[in-house]
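In the part that follows, the structures are each spelled out as structure tokens.
Okay, so chain A shows up in both of these, paired with chain B first and chain C after.
And then the complex of A and B:
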């Protein structure tokens, strides 16, 4: 058995790289006085993990650890996405880590471990491993949110996040145990097999199990009505942490939700699709209308991220493999446009965190303003940006499955979100500057912005580019 | 024939120019790059006009490349006799916009010309697209530069106008997006020709919903009564170049959409909606004309006149007979020429007087004879005087309307009479009489650059008036095919 275990470790090389780097940073923590060491280490580890995760598998999907971990196209796709998110978040953290006097090594260790948890969750084939991965991610996230210990808002945010999130974890765990009670297993394919064998038509226990698991996961992706923690957490966290959470944890949550819906509970698609359709509709409507009245940029983006999760759920709701690949596409492009938008906020420093800070930006920093405009257009879903492609594919999967009313609701709300994002554009381009021009920002931030903008534009011009990889499990 | 993909080069050359301006844009350099780019675009599009076969109704200069293989959607371009005149109009008006903004725009010059060139790419691309997704992408792309043109370089109420413009048009076009997706899901293709062939298999109920979805987008763009309210704000507050693009091209996009999508693909729904469309068009003609009469702001007056004039266009399209549809397309071109020219005229004099109120003008002819002559020509053309271009278009539309319903023709004639009234009255108040005391000491006469800007439009107004066949000959074959395939009540 020991031989089998060793070869199984091959499935977890990306995670091992991240954990290895985290361990090294912990050991060296007292010696790392200068920020670049931790940042460079984290970025290198993230890129290495991304490369390994993206390495083409010639032998197809492999499973290991007694069928609990898999390395298939689906997990590869999300591992690459998470690896890139980690690298970009580390690059964006350069200045805020200095300014807020955050312990450098520890900050990066937490980023690395949170990413490890995400990667573990997306490659899990067992509800308990999913739980382990997501908890590793969430626990690191609490600390990241509250790491600016001298700020009361940061502490408040971390506390709220912790309390609500523990509740959600309990829901998830309860759902898992009920699932075990109904099917006698926590393994995805065994659950599917058990459900197909027994007549589950109206088993209330099963409905409760599915509902609780889905609710727990909906909390992780912050779909309405499980969204209450998001605005406070993002507002209290530093902008790079908010970017990391908005991008990475949502992508991981969507990935898990996708696999659970299609593989484990695939036979109960009719129940799930009603549940997910409700979550999607609520998220889109509530997120976009509440975002209308926000003036704090991080809070605004928090609500906008809720809206975007609603759109992404439109794909999962369909329960088909096309739907799941639509959600994969959505998650991929969403990550880059969100990180890009947060990147501009970070680049502008304190000024970037408030809506009015954008007044007259275009006449002071035309390049930065144009990048922001590109990200905002993408968030709105206006072609030719990646955000349009993302919106197009999820709405198409909704229409294909007959959810036309929901599709109309979704596009109608995109007009509301257009109003929100274009308000920033109006301030940038059509108002006179009130503050002095922002100082130059670090090369690392520029690099992250460039990557995000490149993906946002190329994804929009060449919509089919992701199709070969965005394949449902 | 030609050694390069004409349409692709024509579409994307302005985008290259915009990138150059943003990269190297000094103020002076930006103007010259923009002028060179727009002239170059006209030059590279020359083969379109030289090698076009008017007798054929099929798409020409077709380009097709894999674009989204997973959805089987191609990057497909092509022009027929309906789209070609619009591509010419778009390239020409872009040149004139660059020229007209030469001294009028003094702030953030580089960004201004970059936005203008992006708009040119979107305009040409829209008319060259031969598949609905590509059409939609260009349709939306044009919003962004125009939003910025209005909001950054516009008049005092520019921000309100820009946001209203964006939200109105976006609200319409998102419904079209659902329509496009629904069409794709049911028909499996978004190619215009293939959709037209497959469209008859659609259930009438589905057709009606799809028609409504597309109507939301097209009606806002045209704009049809009662969703025209964004137009007066946007046209009035936009800088001259923005007004020219709005009036010259943007308003034609909606009507073009009816011709490309609604009529060929959704024949049953067209039949269902026909009475409503005709009534709305007739109301737009008369209502628009009365509102125009009441305006006291020159630019707003011309803006409102567009509502009335575009009413003629939709009326002509929905007569669904050869005369009406040909007249409608010809009238779209005519309106593009004349309203662009009128906005240019207003912009030129506004640059000197900085007022748009009609009461601040009067007696302009005393000091600016050349300007007054050109303005007279364009006002007469807009009023539909025989020998100038609008006459032929309106004549064909009214002829088509009388064939459909007598009262429609009567409404149209009434609209023409009112049009003559507001234009002549405008001309009388601005140009005739004693020189307004506020204008004394101002050099109102046009300079050589401005005359050169207006000259091509004046020439076109006269040429199309005397020999409309030079546009109509392009339209005959495709319009015949359109009406043969679509619904004829």
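And then the complex of A and C:
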């Protein structure tokens, strides 16, 4: 406790709000299993945390807890994103929690605590705090994935996720310990200082440290070749949980990766760019080609999310602040279009989980088909949707930094992904319906879909809207 | 590098000697295979059996809860040692820590995890 004061707690108000709500729900768990209190409480806490996190974005950066936690524009940007993700995920879970008879209070407590972990990770200035935050997030995620205990697929998914993810955590910890061995510290700015003072040109230990830290974080954002858990985990989890993981955990992982690359290992950008360029190229190619053969919507979106992580990594390769802001823009819009797509799947229920369920949707529910089309266009990256803006900024940043071959590859794979997403659109608009029209959606699900669609459209119409806030650390 | 050559020679010798002895024993030795002799452990114990019969899953739950509060005490000891230097802030932080753990305890109690029957 180096000079920590009570005012340091002010840096953690969003996290404290989420933990406070989680504690209250835990205490009342047995008494509120039938009531919608848990959903309302979670959404309110998420919105309050979002408001507090986004408060006074112009204020200067502050640090606390002995320099381990910071409150800067970068952490605020991602805290707002995580808060909104939590609110949307809670709204989307309304029906699946009912249908699967999931314990309501516990489910929402896990969502709240996982988001707390993400927020801690994005505001951490120390590798160990990053680790703690990410572990809090993943431990809650294991339980969320396996929370439908009576389904064997759900248990299998949770077990696979747990085993692979523990291994990745070990890699990350080993990387942290090697970094400590080379630099004598786990603090980001102290690492940067130590690296700038010593001649690290050909230190194999440092190379291993950076590689292991990058591999551990690449697992959390599920970049190829650390992606094997994603399709199984998403398929076994309920759709809202998959949406929460695809959006929130990836945004948090990218945020941490961005800060580590720029602040801690900024002087080793030449080494990191090789790692990250490889991860990005593999993720884009492997993700888009495997997605071609998927017929389960959650698996398809799992591979699509892998592709999108590849695109997001394009911004981080060079380790420049322009690149990091491109990745921030990408992460922001990616969250909304992914949650929107998952939202349509959730709204359609069992029918939405299979590709053939979308046959003739346009003639039965034109509004829903329209929404799905917007999200699919955005995922493909076709103007005037946010997805185009997001892809444009990361590919531009790759070109500016001289990764022209990679940029060409990224554009070429966009065409492949267009085929994946447009296949769903063709089924919706050009086939006769095979199944009965879906029942009315719950209000909460419609609200979440509306928010996601609004951001996707506005982001596409006014491309520069995020520019004042997407500032690298 | 030279100081390690001795270790390498020693490793090779040890491995060679061991391999030779095992090879000699298994080729020249007298074989007298009975069913008992072929069991994995010749010590009179039944090699394959259920561990100790059935174990109630409640023990597992109790063990988990025990670990939770055991860790809590581990954190209390160093805090008690530097209690005076930490002052009021340390007291508040330990209060928050214990409060969060108590929430978990109350939850376990509330949903009946502590009821044996």
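Annotations
In this section, the second predicted complex is superposed on the first by the 465 of 473 C-alpha atoms of A that agree within 3 Å, B and C clash if a C-alpha of one lies under 4 Å from a C-alpha of the other, contacts with A are read in each partner's own complex, and residues count from 1 in each chain.
The rule is simple: a contact is a pair of C-beta atoms (placed from the backbone, for glycine too) under 8 Å apart; a residue touches a chain by one contact, two chains touch by 3 or more.
Given the structure is predicted, the values throughout are model-derived calculations rather than measurements.
In the superposition on chain A, A:49 makes contact with neither chain B nor chain C.
In the superposed pair of complexes, A:26 makes contact with chain C only, with no contact to chain B. Applying the stated contact rule after C-alpha superposition, one finds that A:408 touches chain B and leaves chain C untouched. Looking at the shared chain after the overlay, A:38 reaches neither chain B nor chain C. When the two structures are aligned on the shared chain, A:363 is found in touch with chain B, with no touch to chain C. When chain A is checked against chain B and against chain C, the one touching more of its residues turns out to be B.
Judged by the touch definition given at the top, the superposed model places A:464 against chain B, while chain C stays out of reach.
The part of chain C that touches chain A in the complex is made up of residues 86, 89-90, 92, 99-100, 103-104, 106-107, 110-111. Partner chain A is touched in their complex by these residues of chain B: 22, 67-71, 108, 111, 136-137, 140-141, 143-144, 147-148, 151-152, 158-159, 162-163, 166-167, 170-171, 174-175, 177-178, 181-182, 184-185.
Of all the residues in chain A, the ones that touch chain C in their complex are 1, 4-6, 19, 23, 26-27, 29-30.
Interface of chain A with chain B (complex): residues 362-363, 366, 370, 373, 377, 382-384, 388, 392, 395-396, 399-400, 404, 407-408, 411-412, 414-415, 418-419, 422, 425-426, 429-430, 462-464, 467-468.
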